[in-house]
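Chain naming follows the written order as A, B, C, D, E and F, and within any one chain the residues start at number 1.
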Amino acid sequence: MFHRVNQLPIELPLLEYGDANAASAVQELLGGKFGEMSTLNNYMFQSFNFRGKKKLKPFYDLVASITSEEIGHVELVANTINLLNKNSSFSAPPNMTPLQNGKNMRNTQSFIASAQTSLPFDSMGKPWTGENVFSSGNLVLDLLHNFFLECGARTHKMRVFEMTDHPTAREMIGYLLVRGGAHVVAYAKAIEMATGLDVTRMLPIPSLDNRMFDQANKYEDRGYGNVLFTWNYVGDYEDINKIWKGTHPITNEPLIVQQGAPKGYKIPELDELPEEFAPGIGPEEFQMIAKRLMANI
Amino acid sequence: MFHRVNQLPIELPLLEYGDANAASAVQELLGGKFGEMSTLNNYMFQSFNFRGKKKLKPFYDLVASITSEEIGHVELVANTINLLNKNSSFSAPPNMTPLQNGKNMRNTQSFIASAQTSLPFDSMGKPWTGENVFSSGNLVLDLLHNFFLECGARTHKMRVFEMTDHPTAREMIGYLLVRGGAHVVAYAKAIEMATGLDVTRMLPIPSLDNRMFDQANKYEDRGYGNVLFTWNYVGDYEDINKIWKGTHPITNEPLIVQQGAPKGYKIPELDELPEEFAPGIGPEEFQMIAKRLMANI
Amino acid sequence: MFHRVNQLPIELPLLEYGDANAASAVQELLGGKFGEMSTLNNYMFQSFNFRGKKKLKPFYDLVASITSEEIGHVELVANTINLLNKNSSFSAPPNMTPLQNGKNMRNTQSFIASAQTSLPFDSMGKPWTGENVFSSGNLVLDLLHNFFLECGARTHKMRVFEMTDHPTAREMIGYLLVRGGAHVVAYAKAIEMATGLDVTRMLPIPSLDNRMFDQANKYEDRGYGNVLFTWNYVGDYEDINKIWKGTHPITNEPLIVQQGAPKGYKIPELDELPEEFAPGIGPEEFQMIAKRLMANI
Amino acid sequence: MFHRVNQLPIELPLLEYGDANAASAVQELLGGKFGEMSTLNNYMFQSFNFRGKKKLKPFYDLVASITSEEIGHVELVANTINLLNKNSSFSAPPNMTPLQNGKNMRNTQSFIASAQTSLPFDSMGKPWTGENVFSSGNLVLDLLHNFFLECGARTHKMRVFEMTDHPTAREMIGYLLVRGGAHVVAYAKAIEMATGLDVTRMLPIPSLDNRMFDQANKYEDRGYGNVLFTWNYVGDYEDINKIWKGTHPITNEPLIVQQGAPKGYKIPELDELPEEFAPGIGPEEFQMIAKRLMANI
Amino acid sequence: MFHRVNQLPIELPLLEYGDANAASAVQELLGGKFGEMSTLNNYMFQSFNFRGKKKLKPFYDLVASITSEEIGHVELVANTINLLNKNSSFSAPPNMTPLQNGKNMRNTQSFIASAQTSLPFDSMGKPWTGENVFSSGNLVLDLLHNFFLECGARTHKMRVFEMTDHPTAREMIGYLLVRGGAHVVAYAKAIEMATGLDVTRMLPIPSLDNRMFDQANKYEDRGYGNVLFTWNYVGDYEDINKIWKGTHPITNEPLIVQQGAPKGYKIPELDELPEEFAPGIGPEEFQMIAKRLMANI
Amino acid sequence: MFHRVNQLPIELPLLEYGDANAASAVQELLGGKFGEMSTLNNYMFQSFNFRGKKKLKPFYDLVASITSEEIGHVELVANTINLLNKNSSFSAPPNMTPLQNGKNMRNTQSFIASAQTSLPFDSMGKPWTGENVFSSGNLVLDLLHNFFLECGARTHKMRVFEMTDHPTAREMIGYLLVRGGAHVVAYAKAIEMATGLDVTRMLPIPSLDNRMFDQANKYEDRGYGNVLFTWNYVGDYEDINKIWKGTHPITNEPLIVQQGAPKGYKIPELDELPEEFAPGIGPEEFQMIAKRLMANI
């Protein structure tokens, strides 16, 4: 089972202007083959399907706990996309064509279907699909897949970073490069535990250090690259410390397991958008709603 | 952000024999258009994309907290599928054709791709897709969608129940009919709050009572149909009590909001399956792995 | 615009028992790449998109009028599938597993999603898709496509005929082989008009005569292979007689254009199926519904 | 069976210039999940699959007759798209790159595949799919679905209206908002008949009145929002008057059932486009074609 | 089995600047329904699946040998796309946003997924799919399909030619129009052999001569339109000369079968792109790689 | 460019009886995510898209030459499927229902669409898609992908082997396990060259030796596991010997590069199937065809 806290793992910068096409590009990191929906669902299904959970508990704990973090990453990228859509339209009666900008943007369905927010689609508008989930049941093969998946995800993040300098997008990518980097190392360590081969020696893939990306520095400095969280407060998944130990292959910092989750930050408020009828509740309607919500039944 | 606890919301019966084609049918409840992947992702994205979270907090809290429960439902259905595959093959060297039964079963990819476990696919083997997510941003329309989605999901659960009498499948469906029933009412109540119209008067859809389904009775008796959980222990999402109040339209029991999550149960161990090379760790390899896992670095 | 009459073009035999897997096979003729959804939508979009409707009116009239017939063919195949599902389940309370047969049938979604009726899917359960529509705007190329499409559709009908001897399926296929044969000739004639080349000389493709298929004989005898209908009663589309003229290349019968539509037959009643909750209206509910329907407002 | 008349339900404005990206946006209303292909095929398959046609005739008649109108809506949107593509290219020999504008437009396949006309695709170029059809066989659930579908379709139409001020697009949307509004009420009335609950009290969804959209006014004034047609001239489907009765919940006008179809208007001629080889018939070829078409055989 | 030579069939012009959106358009000729992936895989599977290879050897030889040429066409279009992407980004550290142009281009995945190179996708970013393969086993029907496919492929090439005047794209299209023209005739001749009907009399479809396309002239002059190659040097597939004989229906030149393959040209070198980390091998890394590659083991 | 020789790399056993459901399972090895269509197209596109072909020639040569072998593997699996369908139907007039067995088999489209032969589909009937191609341009990442892909492909082959004991299927799989094993090592060696890390130490994945699979032994004995071919006779791709050197990590045999291709064997003749109208050429028609083929023009 999963619990939820109403927080994001970082503070997303709130800007006056967004960039709708940047939002579209960032969709790749959400619903693309190497986006967060893929990392989430791969680890989620692998944790459900794990054969030999007791005997191989540290491996199960690793996949199971990272799953939990990935839902939060999906949430973080979605929130970023939503902020990136700011000011892509204007408030006016329908006859004034207030969504006219949307017609020439790359993601028209953002304007038509989702009121300028995120959907589980990639940067070309193709939906995320269950075909992206790999869960063979063979431990070494699944770990190898995850190691590859994280390297691919890292590559895509780096390239989207290079496509937009919007501060909200970059803050999110900076953070995820660091956390993704930790996950790359985690699966590399797991492969080493399972096979004896130290695949961290191939890292980083691609060969650029996270510190080449401005917004990643802050999180590297704070040690976010060296820690794994258990995402649990009652002792589950603690055996990840049998895998996540020793030092980080790139930073040489000691690897730390921290029970629970990282410090959380406020989820940004998302403005009402009358021209999208979202949420579509006018002042009068709201008054009546408020009355009903407050009523004792 | 999301936390994880290593438990299921119910105790799944462990039987000696499974039924591979029943497992295939149950896949519809996991990865079908009306399966748990759909309820999860609809509410997840609607919660990410919610415009006016403050002003309309009770509605946001409702969608956000149910999201959390749905991940656990995905987990529950996945575990059921895994148990339903028991004894669909036998342990023997490859030359003895140990997976021969799989050739004539409805879900051959279960044998080839996932070592007889779950994948985000429907009962025909088609992958779940992001096209199944509806998130219009219009509050009333999204609630109407969710109300319809839950009624559709209920229908599919009832029909799959009628397709197999395997106790593990039925236990899971019995429980989910009760929880799904609660969610139907929850979205109906939310629509009433938003529009003033009491749509619970249409319920149940289909018109059969949950008590027509043997395994649902136990959970109805325990009151699982009258409670909503916040899935959080620090006070988030508590405003669902502004919507979830009064009495249940069918049972007439008082509606209760409970902070946190329901009591949890052990996740079933999933046997190693040598004929699937899952997890594929022999005794010698395991010894070396154990040594590495225990080593201090 | 289109009008509708509540009739089928033939009388479908009503049998006591169906054959669920035969129904699945017949789905190929409905939602497959060469099924009726494809012929319908190809001609429909080509008629919408036709450039030079005035100058090339006989060609436009041909594509536009056949469109109309094809909707009726979709209807006919759908009705056949529905009849073929008869007796695939039994009426009993859910606990008695009344849909148990469905678990091992080829189309489980027929039992879960559509209450044992038709959907726009092929025989493998894959949905029909707009990718199946070809509408290049080049007259000769579109006609060549249609000629090929009809030959492919004929081949698939012949093969499905060979897969099941269920009388309802065969009656429908027998009729459609004759009408499809007429359409093959129609597009061949159109190509001849457009290019001067008499491609009817290639026919039939495959080389078997319709009369090799028992149930086709009746319709050949009645002359259904030699006539084109305008599917209109006010004089539209009459210029098809500039193309549909001369004699039939195989039967040598004179080709006839008939204004309007063929004689119609009763659409079969489809039984209520309580185990599918379809329509799910019990006696008491029905009484109240009847009262409301009869009420004067 | 279906008949066809060579008319559109409204007169589409013919302008000198189109707007290729507006055409792309309008594609959402044709082949999107909430486009006319979806409304058409949902009602079409529900009418084919209806269990208990006699007993529940007014409901069957409703779904069956609206199907017929929806084909005409597909036709209307397709014609609009075709007109919106006007002047997106110029006539010149291939070496002059006459389709150069298409390279940077949103729908390149419109230029490559369909000669700048419509295809059953959405605004992102994804094909319409049979997965969009819901036909559960449960009367209340199917009606609830249709009610939701029409509200979703209305939302998309309103948003596309806001994306383009091209008069042809707006005329079509204005009309369809009014007719779609009638269909929303029709399914709401049907739900009321089936369950006793007056869901029209939720309307309109979104809460904007049609009269906020300039081009809708004309059709509201003409009473198009208060009438249902039987789309049949021999008495079929007349029992819709058992559902469509009383007054319109928003306009308070009396609801009227009209046998047959609305007044029809000329289908716009679509220009030949030599740079697309559409129809690709030069003067000499045409002369020979004309001769063959006129010949007596 | 297939062999490979490191050459292209023509010399592609190397320009200083590319055109990323032209590259996107050309993707239609690679991974579209009528692109080279389709011609390749249709003929490949038809050759694998051919029933009666001995008895109908000339037909088998035709389909089998053209398969081989089509792989080279896939290669040629892919190389063209790669060259067309030149200078779409600039070399700079990630913080300088070196891929910023990609954000507004039509194919964002080219920038994110493939380092500005080709993928088996169409011009809208949709993947090529096996649904595009037709292999009925009926000789006449398969040949008719191939004849239609080649005419459709020709149409798409002509239209993409009209969308871009980039010399690299046009050189490739010029050549493929000529070779595609030869294949159209080849399948027409095969149909004549199989049925006696001379379908070359319909050609060309569309009715424009290849010589209307500047870059095709050179290859027409060199006789590339009149020759079929066996793509084999040990005598396989030589019976294509039983079909490819007589004169070309348009040029009236004698048809020639040439053993083996056409003269080959150098495959263009593709520049390293540091901003895409492709290949991502820095000078130091290269030195170590070179040492390892040279080492004797 | 590619040449073709009319041979398979092994001699496939020809049996009297096939097994249609085994054929369906084997489709996974053809058109599945880890089937031969995937290995082929991944290496093919990576070779087209390779940046720095000169500088990194040994890597380019590796990917480019293996591409060529993979086309032959697609051919081999396709031929196996075709042989596995033997005797799945009987020869009789259509009225005798000669394809009746097909109705209950797992791949109905094999009977309806392809005359019981192969198509680029997986074991569930889903088409192969271009989404399966990974081509990032980053050398290390692409090699890591290929290493993973080959391990996944090996796993699927091993599992399909365990599903059927049909000698034709097993002969093919035995051979491909050996060749696939060689490719696993090849990509491992390439990673070692690129990064210095000897990943062969993880092998085999899964941990079973090829010799556990009876039919693999013969090919292991013949040394097929230790050789790479250049698939070229004029010196291209010879630099693979800079990577493929030293000894095999499992067999310890010296690794050998062999110019050209392995010895070839006859492609099995595929019987005519009159009940599928494949090829559909009767004796009289054949006589006329033969005459035309022999005619001098």
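Here is the rule we use: contacts are C-beta pairs under 8 Å (C-beta built on N, C-alpha and C of every residue); 3 or more make two chains touch, one makes a residue touch a chain.
Owing to the predicted nature of the structure, the values given are computational and were not obtained by experimental measurement.
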| item | value |
| --- | --- |
| Labels of chains that are neighbours to chain B and to chain F | A, C |
| Maximum centroid distance from chain D, chain identifier (CA atoms) | F |
| Recurring contact interface, reference B-C, options A-F, B-F or E-F [over half identical by residue number] | B-F |
| Classification of the chain E:chain F interface as same or different, half of numbers criterion | same |
| Whole-Å gap separating chain C and chain E, where each centre is the average of the chain's CA atoms | 37 |
| Length of the line joining the C-alpha centres of chain A and chain D, rounded to whole Å | 39 |
| Between chain C and chain A, distance of the C-alpha-averaged centres to the nearest whole Å | 48 |
| Residues within chain A bordering two or more other chains | 33, 113, 124-126, 131, 136, 138, 140-141, 155, 196, 206-207, 276-277, 280-281 |
| Inter-chain touch pairs (all) | A-B, A-D, A-E, A-F, B-C, B-D, B-F, C-D, C-E, C-F, D-E, E-F |
| Complex interface listing, chain C residues touching chain B | 93-95, 97-100, 102-104, 107-109, 111-113, 124-126, 275-277, 280-282, 285 |
| Chain C - residues contacting chain F, complex | 21-22, 24-25, 28, 32-33, 106, 122-126, 155-156, 158-165, 206-208, 212-214 |
| Interface residues, chain A side, partner chain B - complex | 1-9, 31, 37, 41, 44-45, 48-56, 58, 64-65, 67-68, 71-72, 74-75, 78-79, 82, 113-121, 127-131, 133, 135-141, 192-194, 196, 231-234, 236-237, 242-243, 245-247, 260-261, 264, 267, 269-273, 276-281, 286, 288-289, 292-294, 296-297 |
| Of chain C, residues touching chain E in the complex | 33, 131, 134, 136, 138, 140-141, 144-145, 147-148, 151-152, 155, 191, 195-199, 201-202, 205-207 |
